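Here subunit A shows up in two complexes: once beside subunit B, once beside subunit C.
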Partner chain A sequence: MSEAALSSSPTGASRSPLRTAAPQSGFAPWKDPSKTPMVRFENVVKRFGDFVAVKDCTLDIYEREFFALLGPSGCGKTTLLRMLAGFEKPTSGRILVAGQDITELAPYDRPVNMMFQSYALFPHMTVEQNIGFGLKQDGMPKDQIAQRVEETMAMLELSKFGKRKPHQLSGGQQQRVALARAIAKKPRIVLLDEPLGALDKRLRQTAQFELMGIQERTGTTFIIVTHDQEEAMTVSSRIAVMDHGEFVQIATPGDIYEAPNSRYTANFIGDVNLFEGKVVNVAGGFAEIDWGPGLARFKAVAPEGCAGQQQVWLALRPEKIHIDLDKPTDASNALPGKVVDVGYLGSISHYHVELANGQRVKALRTNSSRTVDRPISWEDKVWLQWPAETGIVLAK
Partner chain B sequence: MRRFSWFNATSIALGFAFLYIPILLLVIYSFNESKLVTVWGGWSTKWYASLLQNEGLLNAAWVTLRVAILSSTLATILGTLAAIVLVRAGRFPGRTLFSGLIFAPLVMPEVITGLSMLLLFVALNMDRGFWTVVIAHATFSMCFAAVVVQARLYDFDKSVEEAAMDLGATQIQTFLQVTLPIIAPSVISAWLLSFTLSLDDLVIASFATGPGATTLPMKIYSQVRLGVTPEINAISTIMIGLVTIGVLVASYSTKRASQQQERELKAVDAGAK
Partner chain C sequence: MRRWLLISVPYLWLLVFFLIPFFIVFKISLSDIATAIPPYTPVFDFSMGIGEFISKLDFENYRFIFNDSLYVNSYFSALKIAGISTVLTLLVAYPIAYGMARAPKEWQPTLVMLVILPFWTSFLIRVYAWIGILKKEGLLNLFLMNLGVISEPLTIMNTPLAVYIGIIYSYLPFMILPLYASLEKINPALLEAAADLGSPPWKSFWQVTFPLSLPGVLAGCFLVFIPATGEFVIPDLLGGSDTLMIGKTLWGEFFGNRDWPVASAVAVVLLLVLVIPIVMFQSNQEKEREAAR
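Take a look at the complex of A and B:
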């Protein structure tokens, strides 16, 4: 695929000069064209009657990846996962696992195991029986099953609970049993459908790191479906942002955050300020954006193919805006405004600043000095500034 | 809770009296010494003893028991399958009609069910007797079994079955290892309910039966026409006992199943907090 073709596809994050390294730097099999993907969705379409749940999705997921399908409810992410598990059949298109077409295989013949949102533990079986269920179906000898179950329980710190029934466990323990059951058969791919949705926030954060640890130790490909953007950012090597059955962007968490390809992604992942405007001039790799009569033009790095008179949106992350009481002397972009709201969160403060044209801008400031009196408060006249490299120019 | 006022207490007493005084009288008179049913002659269990000598009644009881066991087993199997289709198969053409057809016998007058069974057996040229009664009973109690099992299946998490298939169990293995054990309490209640229904049916059995297959309700009914003997009271008391036990066990197992389910749900909720 050529560079030009890439930039028009959802994977086209490479156009940005602000490339950031993935957390597992060095691990990027998706950049290696010689690799066979572990999972390939090929022009997969799924219709339920008149409703199109998944629109012509093509996606490669590689071995050892922790891949996240992220989107609001009803965006088709769960349908995609269920098609991979075999519970739904694509209306058209193919699904391949390690090069082999599995589109027609029954769920019990596929090398994938799933962890369900509701955990779907067998209520009439003990924890041991739950974890050993899949091994028993494969006809594994009893002593080997016992050994594997023990190993798996040890890995997830469940050894104490082997003889208990699911209803005698806490939610966090049930979640671990569900995960143990999904990895006990050592499948090539583990599917996780909103695996931590039922846990409270603190437990969820612990469980996220536990998931990552298990994934690294077993070396299995994990595919997680979630609507929680923080969860996707934390655990995954790559994220596919979905909307209305389509991929909006497929990239590493860093790229998704720092180089979103659309307003949708920018809004969905993290907080963002958006300014609508028109490109009036492109020179030396920078674009000048006119965003209203009588307002200072923005200066930002011009994306590839950016031309004059094009309608664009400038996306600006709140933490990248510097807020100050004095007018900056040498900033590429500076805006005057008035503080209308301050949210003090301890480590950081949120500022809502109203500009001359009435638009409100969110800015963050780290409370690095230990004072209770903060220098900027309600009704203060402030200046917002940011370098030209910080703003992201979005065409859609 | 509010305490009973005298008005509440009286209405409850009247209601229960209305329902149970006839049955209580029957039970008491089964222990009557006198041969005359309406004259009290002191306590005795002699009619229970003479019952054991009455071959006609005992035969009828044995027939009834066998019919009840066979027909309730058949009804439970068919009813469970019907319930699974109705709950699991989703929308298929004719689903509403199918469910309507399954539940119609619940409200169908027994005389009509019995008569139509009789017409069917005659048309098929089947010899009426033991097996026709079994089939007729299975037919009308199947819909009760289906209702009981269906109720349980509706609040059954389908992903549990998907999980079993995902882990390598085929559809039949999934049904036998996962679905059936989970719905077992409701299947048992369905069986007990069908058993009880078959045990005390008179109308449908009279239509479907033939020579040599007289059930106990039929025997009692025909004897009563000649005059009530205390033996009838005795065997009726035994039947009341059996039915009561059946109903109690059925309702207890249903209640326990729903309590267990509630506990499971609570455990999940508690875990989520």
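Take a look at the complex of A and C:
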């Protein structure tokens, strides 16, 4: 209730941007095996000639989720969305909405509405007519259409623009009209294809919070396609990271960031340092990793199934590495190096540290005090250290 | 200075090749017929003053053509034939233009070429060719009789039907090209959006495609209707003596009767008949654009 009241602010500015992974605490329907998913992709394959756009994808998306399909262009995320909308037919597999097979349904018979990347607003219709278009197709009486259009426009602060044509609106306003048109029919699922791609960065951030507000107020399932990892992290309850037509990882933003399952995900979301090595010893839940002759072995939490002599990568987020001038006394992992680059950003500083073997490591430090006796600078000999729990051992 | 020169070129062109000739024709239309070269009075005579010269001009020829049913009927018949053939041309051209706009991108330049291709042959020759097709012992009748569809040859030549066929055939490219241009511009995502919002394809056509192609429809209709109204060659060659069209009447007046003043009056009225609705239409469009702003 309080969530809805807060999100009524159009910009969402009153809401804390520091949101936890799930929209409501404890919102995790994907953990509940008794729930019927709102959308289910079942072994969906899509080929265009020889090109395989989507390879055997199986995915469940639940009611009220804000689900993100994230990946570089050409990874199959848009194809997946278009198959759900009905614009493409799967080569094989099934798509179910609320337990009902919709694979063979025409786009105009599906309970989903889409917000297009290009907005695809009807240029010959006013804002009101655009928003009311879907309602008109359903044969809703005129007065009810007018009322619903009114409500939707009020929700998106468009009431002033009802009589205008799309070309008389700014990019941000057009984006809101496109969203209004997609939610006006109160569909069970709203699909968003790179909805904020055409906006500039500042407007995009405002629009992200607006999207989240609308999604929570309407209680609709939103599925967003984006290549912007920050956007996916901000808005979604869960993210599916895609590459070459396959899901690499499906998890909450927090899990994707803190527990990536592969180098691909670790690299795609946020900054990461990767060290290649070999497991030499597993003991007491910790793995010892040899990553080069003459270099101190890493100690990290051993993942399940981790065995000796296995080739692995250690992933380390820059902000989890502690940088210091003095050699630490009791760290599980400590590496000497030389600062080659410093980036001062005010609140934080970036350091690029070159190790003895030539590899460069990125480290981050928050500038928590105004004056420091001796700031770390270029050419400084420094020590990097981190606890065994922060490094992530990746097998692929 | 250079800018003014550049801007004045089209106006100069219009002045020399439209306005001045128009005033000459208009002046002739106010004169009387005479057995002379050129066959009308008065040519400006320096012996009389401007006042006297003007006093000799009158609207007698206009009165004459409005009182003679031949001319009035010719106008109405021409407008009717042009109007009906414009609608028929639109009906034939729309599916063609639609198919072109929906064809694979790499085919489209070829398709446009094919539409323009007939222009490489003389218009007159192409209309003549239709005589060979439409006449009693022509290709069409031979074809239909050999197929057994008909036992008696159809009479198409020298009927209004032949004129309609001729006009539709001749002016089809003028309709297809603007239609294609406006259809091709329509973002395919708009049709997806319409389908997504619950509109089946045939409804999407009337709600999205057709309204967005209206500028092309109007441009095409003007490009066909205006020259078709004044058309002379097609009714003369295919329509026979019974088909009344103002272009034919005008030709007869100039070259048969050698009554230049009346012929000029006919031409001036024809111009007004066509120009006035166009100007009204354009000012209306301008107003709509203003209102949209």
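Here is the rule we go by: the second predicted complex is superposed on the first by the 368 of 396 C-alpha atoms of A that agree within 3 Å, B and C clash if a C-alpha of one lies under 4 Å from a C-alpha of the other, contacts with A are read in each partner's own complex, and residues count from 1 in each chain.
FYI, contacts are C-beta pairs under 8 Å (C-beta built on N, C-alpha and C of every residue); 3 or more make two chains touch, one makes a residue touch a chain.
All values derive from a computational prediction rather than experimental measurement.
With the C-alpha superposition on subunit A as described, subunit C and subunit B clash in the combined arrangement. Of the two partner chains placed by the overlay, only subunit B lies in contact with A:Q174; subunit C stays clear of it.
By the touch criterion defined above, A:P303 reaches neither subunit B nor subunit C.
Set side by side, subunit B and subunit C differ in how many residues of subunit A they touch, and the one touching more is B. Shared-chain residue A:G277: touches no atom of subunit B or subunit C. Of the two partner chains, both subunit B and subunit C are touched by A:P107. In the superposition on chain A, contact of A:S118 is made with both subunit B and subunit C. In the superposed model, A:A198 lies in contact with subunit B only, and not with subunit C. By the touch criterion defined above, A:G337 lies against neither subunit B nor subunit C after alignment on the C-alpha atoms of chain A. When the shared chain is aligned, subunit B and subunit C each come close enough to touch A:G134.
Using the contact criterion defined above for the overlaid structures, shared-chain residue A:A85 touches subunit B and also reaches subunit C. 85-87, 106-108, 112-114, 116, 118, 120-124, 133-134, 137-138, 168, 181, 185 are the residues of subunit A that lie in the contact sets of both subunit B and subunit C, per the superposition on chain A. Subunit C contributes residues 187, 189-190, 192-200, 203, 207-208, 211-212, 292-293 to its touches with subunit A in the complex.
Taken together, the subunit A residues at the contact with subunit B in this complex read 85-87, 106-108, 112-114, 116-124, 133-134, 137-138, 166-175, 181, 185, 198-200. Within the complex formed with subunit C, the residues of subunit A that make contact are 85-87, 106-110, 112-114, 116, 118, 120-124, 133-134, 137-138, 165, 168, 181, 185.
Touching subunit A in their complex are the following residues of subunit B: 157, 159-160, 162-170, 173, 177-178, 181-182, 260, 263-264, 267-268, 270-273.
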